[in-house]
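Following are the structures in question.
In the two complexes that follow, chain A is the common piece, with chain B as its partner first and chain C second.
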Partner chain A sequence: MKYAKVYAEDVQVGSEMPPLAKSPIQQIQLTRYAGASGDFNPIHQDAAFAKAAGMGDVFAHGMLSMGFVAQSVTDWLGVGSVRKIGVRFAAIVRLGDVVTCRGKVVAKRPPKNGDGTYLVDLDLWAENQKGEKVITGKAVAVLPSRT
Partner chain B sequence: MKYAKVYAEDVQVGSEMPPLAKSPIQQIQLTRYAGASGDFNPIHQDAAFAKAAGMGDVFAHGMLSMGFVAQSVTDWLGVGSVRKIGVRFAAIVRLGDVVTCRGKVVAKRPPKNGDGTYLVDLDLWAENQKGEKVITGKAVAVLPSRT
Partner chain C sequence: MPIQINTAVKSKEYPPYSVTVERGKIKEFARAIGDLSPFYLDDEVAKAGPWGDIIAPPTFPITFRDEQADTGALLRDLGVEIGRLLHGEQEFEHFKPIRPGRTYLCRRRITDIYEKAGKSGPMAFVVQEATVTDSDNDIVAVMRQTTVVRL
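== the complex of A and B ==
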């Protein structure tokens, strides 16, 4: 982890993650996500299809929002720090929604692997511009020690 | 869930998910993922940067691979079926790697919400072309009943 951005000594239980506010969801972003992922399900691209499916309009891939959540952690702690991540999809993200990702440290576990790294447990969530939670989740990140 | 593809009666404990084999990871895919997600960390784009960071070469965003895993479920069970998903990142995915996502049903829980939907627990994993697991995970999906 030569690219560590944050060390274990830098965070404590209760430490808050810097919020990550993403730009409003645009159709072109969903199209780009389809091109990047190879997931071309029309429910994210074709308003008529989405309406016929009872969804009212296209909506964002759940994994796009989950990607925002993961990015909020890696922007803070560094790429490669996230060992585990799990989420619950709480609400649909629609065009124009502004997703803000937040989190905090809920546990910091001392090294036990002999490599001096700490594991930190994070509570994570993402909310829309109305303050509604669209994702809740947890992650485990590994942080090196300065010592 | 008017767009259900699979009903609770269609799966049992032990049912295997149809494998999803993705195309080999290309640099342009990582660049597209950056454009879609807004995550422009150079460690996924710039080989010299990645080498200087001790990673040897660029590698795929963890969330891209996790997106493949989620897609394997939604391709099978339908978009909107995934209520929870969690993964552990087991190995780095590099350029040229072919990621194949697999899974199976490990539990099927009878309805208790009065809406007749079942919850199914899935074990999920993704492996590379050498058969090495790059992601392991679990998901909970909701399936309607035909009755």
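== the complex of A and C ==
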């Protein structure tokens, strides 16, 4: 983890985000996330329920994976830098899956109206251990200038 | 045989509700994700940081729930069971940091409902938007959520 301040001059279009590989998904993490988020959908907790619902087995909250993706951005560009983040949940994340978050800079917009901050546009995605994309998304981060 | 959902709730606005952000809830949420940044977890480090206190992670506003405007309410409105729901898309826009001890007002509404054929059968897409304002009436965050209903 890195908490040093990143400046707009430190990233360029094409700069790649350091990948964030999370620990394998365990049931206990889904239970903790349910409690922390208030999402108690039994489909993430109860295998019999998930099976009856046609999903085969429990699977991770999409929002947990989105939390990983948001962390990958803030680990890189700093807590508080995320101005906007949006994702599409492309595939189910199952127990035992290892989610790795990746991204790159696609645009850097200079300051407007004397505001000294740059806006940095990111393409983001997360993949499982098979390399399948489980999330695709975009973010806008605010970065200060050194000058 | 696909089920029918109640599309009449398109553009429904839910009653505004307030939430007070608890310090421990921010920490519990960050730990559940496994994000151990001291700006979420460490009061002392955060005190010396840019905000003078801990702040919430970017996806934290998902915890801003209310019985009158939560998933249960949506299920009742649509007339479907929870096992049919999938999270399709989610977006957060942030304008001010979310801080412990503050009370925020949430206004949630259904902005669109549409149906289309998915890989595994017909699906309905329910789009909701929630605006979070603070006691200065400034917009702090906007959440947009697409819920997929397997019909």
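Going forward, the second predicted complex is superposed on the first by the 142 of 147 C-alpha atoms of A that agree within 3 Å, B and C clash if a C-alpha of one lies under 4 Å from a C-alpha of the other, contacts with A are read in each partner's own complex, and residues count from 1 in each chain.
Convention: contacts are C-beta pairs under 8 Å (C-beta built on N, C-alpha and C of every residue); 3 or more make two chains touch, one makes a residue touch a chain.
Values in this document were obtained by computation on a predicted structure and should not be read as measured data.
When the two complexes are overlaid on their common chain A, residue A:A47 makes contact with neither chain B nor chain C.
When both complexes are overlaid on chain A, the residue A:S23 reaches chain B and chain C alike. In the superposition on chain A, A:M66 contacts both chain B and chain C. Shared-chain residue A:V82: touches chain B and chain C both.
In the overlay built on the shared chain, the residue A:Y33 is in contact with chain B and with chain C. Look at A:V98: by the touch rule set out above, it reaches neither chain B nor chain C. Shared contact residues of chain A, touching chain B in one structure and chain C in the other: 3, 22-23, 29, 32-33, 35-39, 41, 43, 53-55, 61-64, 66-68, 70-71, 74-75, 79-80, 82-89. Chain B meets chain A in the complex at residues 2-3, 22-23, 29, 32-33, 35-39, 41, 43-44, 53-55, 61-64, 66-68, 70-71, 74-75, 79-80, 82-89, 138.
Taken together, the chain A residues at the contact with chain C in this complex read 1, 3, 22-23, 29, 32-33, 35-39, 41-43, 49-50, 52-55, 61-64, 66-68, 70-71, 73-75, 79-80, 82-89. On the side of chain C, the complex with chain A involves touching residues 25, 28-29, 31-40, 50-51, 55, 57-59, 62-63, 65, 70-71, 82-94, 97, 144, 150.
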